[in-house]
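Would you mind keeping the following structure in view while I ask a few things?
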Amino acid sequence: MTLTGGLDLAAVFVFALTGALTASRAQLDIVGFIFIACLTAVGGGTLRDLVLGRTPVFWIAAPEFIYLAAFAALVVFFTAHLLESRYRAILWLDACALAVAVPAGVGVAAHLGQPAPVLVMMGVATGCFGGLMRDVVCNEVPLVLKQGELYVTAAFAGASAAAIAIWQGLTPDIALLICAAVTLALRAGSMAFGWRLPVYKSRPPRS
Amino acid sequence: MTLTGGLDLAAVFVFALTGALTASRAQLDIVGFIFIACLTAVGGGTLRDLVLGRTPVFWIAAPEFIYLAAFAALVVFFTAHLLESRYRAILWLDACALAVAVPAGVGVAAHLGQPAPVLVMMGVATGCFGGLMRDVVCNEVPLVLKQGELYVTAAFAGASAAAIAIWQGLTPDIALLICAAVTLALRAGSMAFGWRLPVYKSRPPRS
Amino acid sequence: MTLTGGLDLAAVFVFALTGALTASRAQLDIVGFIFIACLTAVGGGTLRDLVLGRTPVFWIAAPEFIYLAAFAALVVFFTAHLLESRYRAILWLDACALAVAVPAGVGVAAHLGQPAPVLVMMGVATGCFGGLMRDVVCNEVPLVLKQGELYVTAAFAGASAAAIAIWQGLTPDIALLICAAVTLALRAGSMAFGWRLPVYKSRPPRS
């Protein structure tokens, strides 16, 4: 199995866990858990494949991805009550999923021989859109929009690091590992230590 | 006309009715009715065609689908005031639309020679995504998420029944009729008699 | 550069401005501004390209579109505090973006030799979906749904005017200019003078 294939599997599994936990907050039944888990797990990669013209998309060609997401949903359905805070679990698992999905997106684009800006865009899109669909459908405030946290920024920095590494002649596998490390470090650092970029603040009240 | 073609037409028409009724709850004008009706009517089938790589999608190849959805929107615009409860009408029409859209999705995938898991996924996606887009855009609580009702479950059971029937050697047409019957029975039974699966309930308050 | 290419550029830039202004209302950081600006700027055109089967989509083939959207986001990040009302700026910029995006959608479809109904649908989809995604993701009431304003109607009238003009034998460039003028006139007239179509009103309270 290639590194990109392994990253895709890991991203699907961990995003599916976050989707199922979000389904538990909405008190859905077991099939609802599987539905939201699959949506979250394959949403970003589906967008990536569609805009790049790689059809049928990855989970049609290999339904194992769907089985894996469904398995993750079952695990959550029977164990989520053991968690102290499902919301904190969602946050941290989502950070891990982001850190594998961004390099998965970059890896697919690099494999197709796309130029550096497309690598960055596919990394950000693959990383951010699964969670965005999960939050929009389940009516939660999208993590992407949480004020004063590095989320899109972490994805962007990780994908950019990979593009620079590939441009500098490092092997793709090393570039993808750098990408995962940068993304996870920034996202986790933002949650644990409050790292952030300045946000836009207008002087007068919101208008 | 093939059975799949007929199911596609029926799904477009009935989903368009639900979309227009939702537009009436948002007090849109006539073009707004047509817009939401079209979005609901072709949303699920568009996703199905995109992920399977069938482009241009079905309503580009045959604009009659759009005319049909627009006609449904006109019918609702001029008659919705006769309904006692538009919300109940949406619920029941949506159940009928689900029961024709799921087999339409399965039928297209079967026609392309896809394996059983893809048949099930395309049935669920075609059935559920049109209504999901309607509800997200119009800011209604998605029917997919309504606690303790069989919705995705009905679609999943119907699509699975069709996949099993095809695997057992039944003709595709009979498999699709079984699919429609199972989906409608479960969804209608859930609304009328309260059939449901156990939902996830955590002991402590939502966290 | 062709007229359609110029319209695509203009639509990307002006929609990106509206996206960044919406990001400022959500108090995001600079990368968040760029993310929402890009989503708004290329959302409609991406949908158009996907359903027509033009992949890779336009901004993969030409990343300049993304640079332009990012530049617009930077401009807004550093100047939005000078605006008296960001909401009014969003409304008027969105009207301008609509008036260039609708002909851009029609122009691409006409270039592919699509029939008149497809021209109209691609005009409406390209014009309306970028702003719709922006509003759904940022949890604003979609402009598409604002009661008693011409929005989809303006897009529909403009696209229809272009289709009629092409059918009457006018050159595509003139047809696209007519399209832009009709769309802008109706949308701006609706905002400035209250032009509207009758909206659906039920006698009894909303049910």
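Per-chain numbering from 1; labels A, B and C assigned in written order.
The criterion applied here is as follows: contacts are C-beta pairs under 8 Å (C-beta built on N, C-alpha and C of every residue); 3 or more make two chains touch, one makes a residue touch a chain.
Only a predicted model underlies this, so the values are computations on that prediction, with no experimental measurement involved.
Taken as a graph of touching chains, this assembly is fully connected, with contact between every pair of chains. Homomeric contact chain B/chain C: same residue numbering on both sides for under half of the interface positions. Inter-chain centre distance (chain B to chain C, centres taken as mean C-alpha positions): 28 Å.
Residue positions of chain A with contacts to 2 or more other chains are 50, 55, 136.
Per the touch definition, chain B reaches chain C in the complex via residues 23-35, 46, 50, 55-57, 59-60, 63, 66-67, 77, 80-81, 84-87, 136-139.
Residue ranges of chain B in contact with chain A, taken from their complex: 50-53, 55, 114-115, 117-118, 121, 124, 128, 132, 136, 141-142, 144-145, 147-148, 150, 152-153, 156, 196-203, 206-207.
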